[in-house]
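Below, subunit A partners subunit B and then partners subunit C, in two separate complexes.
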Partner chain A sequence: MLIFTLRRLSLFIFTMLLLTLLSFSLSFLFPGDAVINLSGAINATPSQLAQLNENYQTGSNIFVQYFAYLQHIINGDLGLSMASQSVISHEIMNLLPATIELSLVALLIAMFAGIPLGFIAAINHNKPSDNIILSVSMLGYSVPVFWLGLLAILIFSINLGWLPSAGQISLLFEIELVTGIQFIDILLSDSPYKWQAFSDATAHIILPACVIAVAPATIFIRLARTSMIEVLNTSYIRAASAKGLSFQQIIFRHAIRNALIKIIRHVGLQFANLVTIAMVTEVIFSWPGIGRWLIVSIDQRDYTAIQSGLLVLSCFIFVVHILTDFIYAALNPLARGIKHGSR
Partner chain B sequence: MNYLKTVIGVCFTLLLLSACNEEGKLSLSQRSVIYCSEGSPETFNPQLVTSGTTIDATSNQLYDRLIAYQGEKNELIPALAKSWHVTRDGKKITFYLRKDVTFHQTDYFTPSRLFNADDVIFSFNRIIGAEHPFHLTSGGHYPFFQNIGFNKLIDKIEKINDYTIRFHLARADSTFLANLATDFAVIISAEYGQKLAKNNTKHNIDIMPIGTGPFKLKEYRVGSLIRFYRHEAYWQTPAQMEQLVFDITSSNTGRLTKLLAKECDVSSYPIAHEKITEHTDLTLESVTALNVGYFAFNTTKAPFDNVLVRQAISYAINKNVLLETIYQGHAEFANSILPNSSWAYDKNTKTQEFDLTKAQNLLAQAGYPDGFTMDLWAMPVQRPYNPNAINMAKLIQADLKKINIDVNIVSYEWNTFLHRLSLGEHQTFLLGWSADNPDPDNFFTPMLSCSATQTGSNRTFWCNQDYDELIQKALKTSNINKRKQYYAQAMDLISNEVPLIPIAHSKRYQARGKDIIGKIMAPFGGISFYQVGKSTINESSLNEKAQQDESITSEDIN
Partner chain C sequence: MNLLDIRNLSIELIHDEQNILAVDKVSLSMKEGEVRGLVGESGSGKSLLAQAIVGVLDDKWYVHADRFHWRGIDLLRLTIPERKAILSRDIAMIFQEPMACLDPTTNIGEQLAEAIDESQLSGFFWQKQQQRRAATVKLLHKVGIKDHDACIKSYPHQLTEALCQRVMIAIALARQPILLIADEPTAAMENTNQGQVFRLLASLNQLKNMAILLISHDLENITHWTNTITVMYSGQFVEAGTTEQIFNKAMHPYTQALVDSSPLANLHLPAKSRLMTLPGSIPILQHLPIGCRLGPRCPRAQQDCVRAPSVTSFHGHKVSCHFPLLMNPKMKKSPLKKTTRA
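For the complex of A and B:
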């Protein structure tokens, strides 16, 4: 386990180095002065600019400049937003939790809807229900998310009036920002309307989370289906059924556990996909998350925000990957021991 | 599997719990109203701006004035001043103030005394007195007051006692009282000013406002929301709603969606009017606002310094088409800058014809038989007086093509646009004017007078001595028939000289849920949520209300 951890850690460090290198080079590729692109200080006075040049070591060679940049990042200094002149790291800290919340809820929905459906399809392999589930999942996978989002608003918000169409919570509720994750903040707050706020926030998250969940859910359906079919064809399942275990016992005790392990590996991969979908969805549902902020920044040519936003988002996705790897390793002892070329 | 069960279990319990409302109590949403507004305010002090968005968000919510308008005739009624007296020569105006008015108590300020004469002096001296400690805070621009020449008009403001105040005017001015009742002439707290000056945080006076109005500011997030709480100790009966939230939604479709999805109770400038009227639980209201949308020339730049060219263009523009396509019929044809509903409007003002041959002849006379190329600046934002200036510019481009004038359409971001206009970089432009008070002078002076060329609100830079004389005479007389005559002559002068081509007087629209009762819009000035309440739907009374609102427009001041 130690070696496994060390390997992941070194992978993390090298990937982060590459990412920072990329975002550092972006400041030269974007139009304008590199120091201003890095710091976002568009209104800096000459003396401030001189100070910035010194901080970012622009006089020295490119390696020194890169390390100066790394130092800033490690200290949490991501510069100022060119558009609003606010501190980017603060903005990100306020916005990232909202995206995490939305993505996690969407991931849960995708898993709870996709995996059982996939299992059902596998159990009924080559029967009509299998075909229906597969074709529906194909359809769900092909629907573009921006269209689905607008359609969902049209049907569920405007025509049926069941669910709200925009934002994280009704503006009437004043919830103090503590963790940034709305549900936790509501529970922590001392508002007399806690439960009204909670149900309101729940109503607000349903539509965007479901829209995001559609595409990953279809992938989970197919993953779950394949891995279940694989498991059901293994000899230990045949042995179990020869032993006289009932069908239910076979599925719930043996098949599901083993099939799930294979899926968990893919959850991490799907998360990157899901965050991308979430970015578009945040725009449609005016969700105050980092995706919407990043898209607005691109729109405003706010280079500092684009750079830092990309860095933070990719870092976040990478951390999730590593975490799922750990979970996978914890659940499946085989994974820990795999050496190069051993499979 | 056990994990899974626990997680599912927890989720269900949470959902169940979330369904539990505090029964018995009115829910928060029944005691609050959400207004989807079209933009962020620039400041929280209406003295500093003329922008409608800022006025809507601040003026009638946070503040009161000495006197106010009431009713269909726009009579002046007492507000913070319980009565007033004007001397016979019209130069001394004395106000007797109310003694029971409290300022807002908020997280950032607790008033220790009631409203008195010091606050009135503080508020008005800030505008007129360069030596006032707050005069230059926030830039020292008071566009409305500078346009009407407020500092030259007022000799001094005298405090007679704690609750009596006298304005000494340099000359009689029949619009003075009307101007004091506008959205801009608000009363701010002198005590708050002193506290800020002591703490060296003067700029907060316009960011964290303290007023006497029916609501107080609780929270403002730029580009996102403004939250107001009810001012419990308001000097009139407190507002019905405990909380008022402005949900800042700049996209038109966004506001429509939120309205249809019941996320806003009231929406500003709605689109898709049919869609709204189709819904049984929504209503659409309109008032013909006192405004004008126009196409104007920079009369200092060739070839537009030539009156023949200006006349030629005025004959070449098909206003009826503009009215149909841009305003979609939700506006009135403009014959002059003054809307027909104003009492000073002269019914004999001639209607501008659409006549291409006349236009071509005039152009030939002016020395441009083969036409020329010009820039047309179209404003980038939607305003009540012009819902889509870019499209209007395209139509005008097509119209002028017929008399061989090539039009380049130019547009900048809104603030840049206004700034460059005031510098006079343009040739021609599309813009408009919304009245701040029902007095006709509010159209004539700020739009076309010589003094307004300096303050930047007369972007035609047209300065005509006869015109200025006429509107000055109109101001000095209190005989209403004489005033009307002077204004008729002024309108005549405008239609001969054509510094601008008035296009339309639009209606201002607003949509709301039927459960929202009470008047919000007025034909001029900002909206007010003071009288707004929520009720179970009572259709008949609402329809009556809507009809009343509609009728204000036609009978307005007549």
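For the complex of A and C:
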């Protein structure tokens, strides 16, 4: 297990290095001066510019420049936003937790709705319930998210008035920002209206999270269905039924775990897709997350913000990916430990 | 009384236009404490028959029989859950490819423990865990695994094929079955391991009086271990009798060909000459010949063979052939006997 962890960590480090290389090269590919793209200081005086050139080592060769850039990133200096001249790292620290919250809730909804439905479809393979689940999932996958978001607002917020349509929490509640993740902050705060705030925040997250979850959930349905069908046809399931176990025992003790193993790796892959959907959804639901901020930055040609936003988002996706790898290893004894011929 | 008595069991593969008769009216009976071999080429429906007996075939297959008695109980009259309960209590099965038959994500101890019947345990639930553990260890000892702690903790991929097969046998023994069906238990195994597994099965048969249905494609190998043998070809019953009868006085041309094709029977052949085999190969399910399915390959086939032969019994030696090879030519005409034996 230690070797497994070390391997994942080294993979993480090298992928992060590659990502910084990409974002570093972006500063040259974007129009304008590379130093200004990196630092975001568009209104710099000549003396400030000289200082920046000194800091980013623009006079030296490209490797030295890259290491100077790396140094800045490691120190947490992502430059200033070209549009607002505010410090990007602060903005990201404020915005990223909201996106983390939204996308994780959406991922959980997608998993808890999609995977059991897929299992049910597989168990009733070739029966009407299987066909219904499959066609509904096909429908859910084909609906574009921006349209679905607007439709959801129209139905649930405007016509029915059940759920709020925008924002993270009602402006009435004053929650101090500690971790940035709204639910934890609410629970930490000592406001007398803590539970009202909590239920209000829950009402706010339901609609966007569900809209984001629809497409990944349909993919999970299909993945869960195929892997469950595969598992149910294996000889160990047949052997288990010859052993005298009931169908429920077989499903819960043997089939689900083996089917989950096949799905869990795809969850990490699907997460990148989910974050992309979340960015669009954040715009629709005015969610104060990094996705909306990034789209606004792209709109404003705020190159520094685009660079850093991409870096941070891909870092987040990669962390989730590694976490799913750990869950995979915990479920699958074949993945942990040393395999023959692996070293 | 027979332990297991099956008459005219057929298994059909459900197909769009016409169902395919994969196993055609096979009869099988077993006595208590008997070791019966079920022999046939690959694709002859032996495994299907075994899986149909245990009831683990999926819904692609349609099974029906004229008689299916288990220790005098007519199983055809029972509902499916009742039948399943009786069968899973009394019959256990071990499969070929033991590694694939163990859940790769659950450790051996858990898989063994869940096979142990609730009725074998006594006391309250906190005592049961301990009893289960003790029973698991005992089962592992019974199949000759001494290092039980390591085995209980390990996962199937950490064990060798032969150890996995021993674990499978232990799982099969957990319910103290009366009949053990061993479906090619030594396929893809080395010779020494094969011997170990067979010896273990033989000792279980002698010590516990457990009946064993041993399925194999290797007639010569299993004759050391069996009392009686049933031969199948392409889903049809061919011949059944004691091991002695089958091996030395085969009546069916197919059985004779099987016996002749073994290396032992071919020892006297000159070097680099062809081994004795039947021409052709086993027919595929989509193109089964009518009547006796051996017909196109049979050296003794005649016009009558387009009708399926009925089973004739000679002192308990059952054979399904229009023109059996008989020692005594008076009993039935067999004009070709001399030429084929030559």
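By definition in this document, the second predicted complex is superposed on the first by the 335 of 343 C-alpha atoms of A that agree within 3 Å, B and C clash if a C-alpha of one lies under 4 Å from a C-alpha of the other, contacts with A are read in each partner's own complex, and residues count from 1 in each chain.
In the analysis below, a contact is a pair of C-beta atoms (placed from the backbone, for glycine too) under 8 Å apart; a residue touches a chain by one contact, two chains touch by 3 or more.
Here the structure is a predicted model, which is why all the values come from computation and not from measurement.
Based on the shared subunit A superposition, would you classify subunit B and subunit C as clashing or fitting together?
Once both complexes are aligned on subunit A, subunit B and subunit C fit side by side.
I'd like to know which partner A:258 touches here: subunit B for first, subunit C for second, both or neither.
In the superposition, A:258 touches subunit C alone.
After superposing on chain A, what angle in degrees do the C-alpha centres of subunit B and subunit C form at the C-alpha centre of subunit A, to the nearest 10?
Computed from the C-alpha centres, it is 150 degrees.
By residue count, is subunit A touched more by subunit B or by subunit C?
B
For A:234, decide between first (touching subunit B), second (touching subunit C), both and neither.
second
Mind working out whether A:202 is in touch with subunit B, subunit C, both or neither, as first, second, both or neither?
Touch partner of A:202: subunit B, not subunit C.
Quick check on the superposed model: minimum Cα to Cα separation from subunit B to subunit C, whole Å please.
Scanning every C-alpha pair, the shortest subunit B to subunit C distance is 14 Å.
Using the superposition on chain A as set up above, list the residues of subunit A that contact both subunit B and subunit C.
On subunit A, the overlap between the subunit B and subunit C contacts is residues 257.
Going by the contact rule at the top, pick out the subunit A residues touching subunit C in the complex.
Those residues of subunit A that touch subunit C are 233-236, 238-245, 249, 253-254, 257-258, 261, 331-334.
Given the complex with subunit B, which residues does subunit A contribute to the contact?
Going through subunit A, the ones touching subunit B are 84, 112, 153, 157-158, 161, 163-167, 170-174, 192-193, 195-196, 198-199, 202, 252, 256-257, 286, 288.
Sort out for me which residues of subunit C touch subunit A in the complex.
Within the complex, subunit C contacts subunit A at residues 51, 54, 56, 58, 88-89, 92-93, 95, 97, 100-107, 114-115, 117, 155, 157, 168, 171, 174-175.
Which bits of subunit B are touching subunit A when the two form their complex?
Spelled out, the residues of subunit B in touch with subunit A are 1, 8, 14-15, 17-22, 27-29, 32, 34, 218-219, 222, 224-225, 227, 243, 245, 247, 249, 254, 257-258, 260-263.
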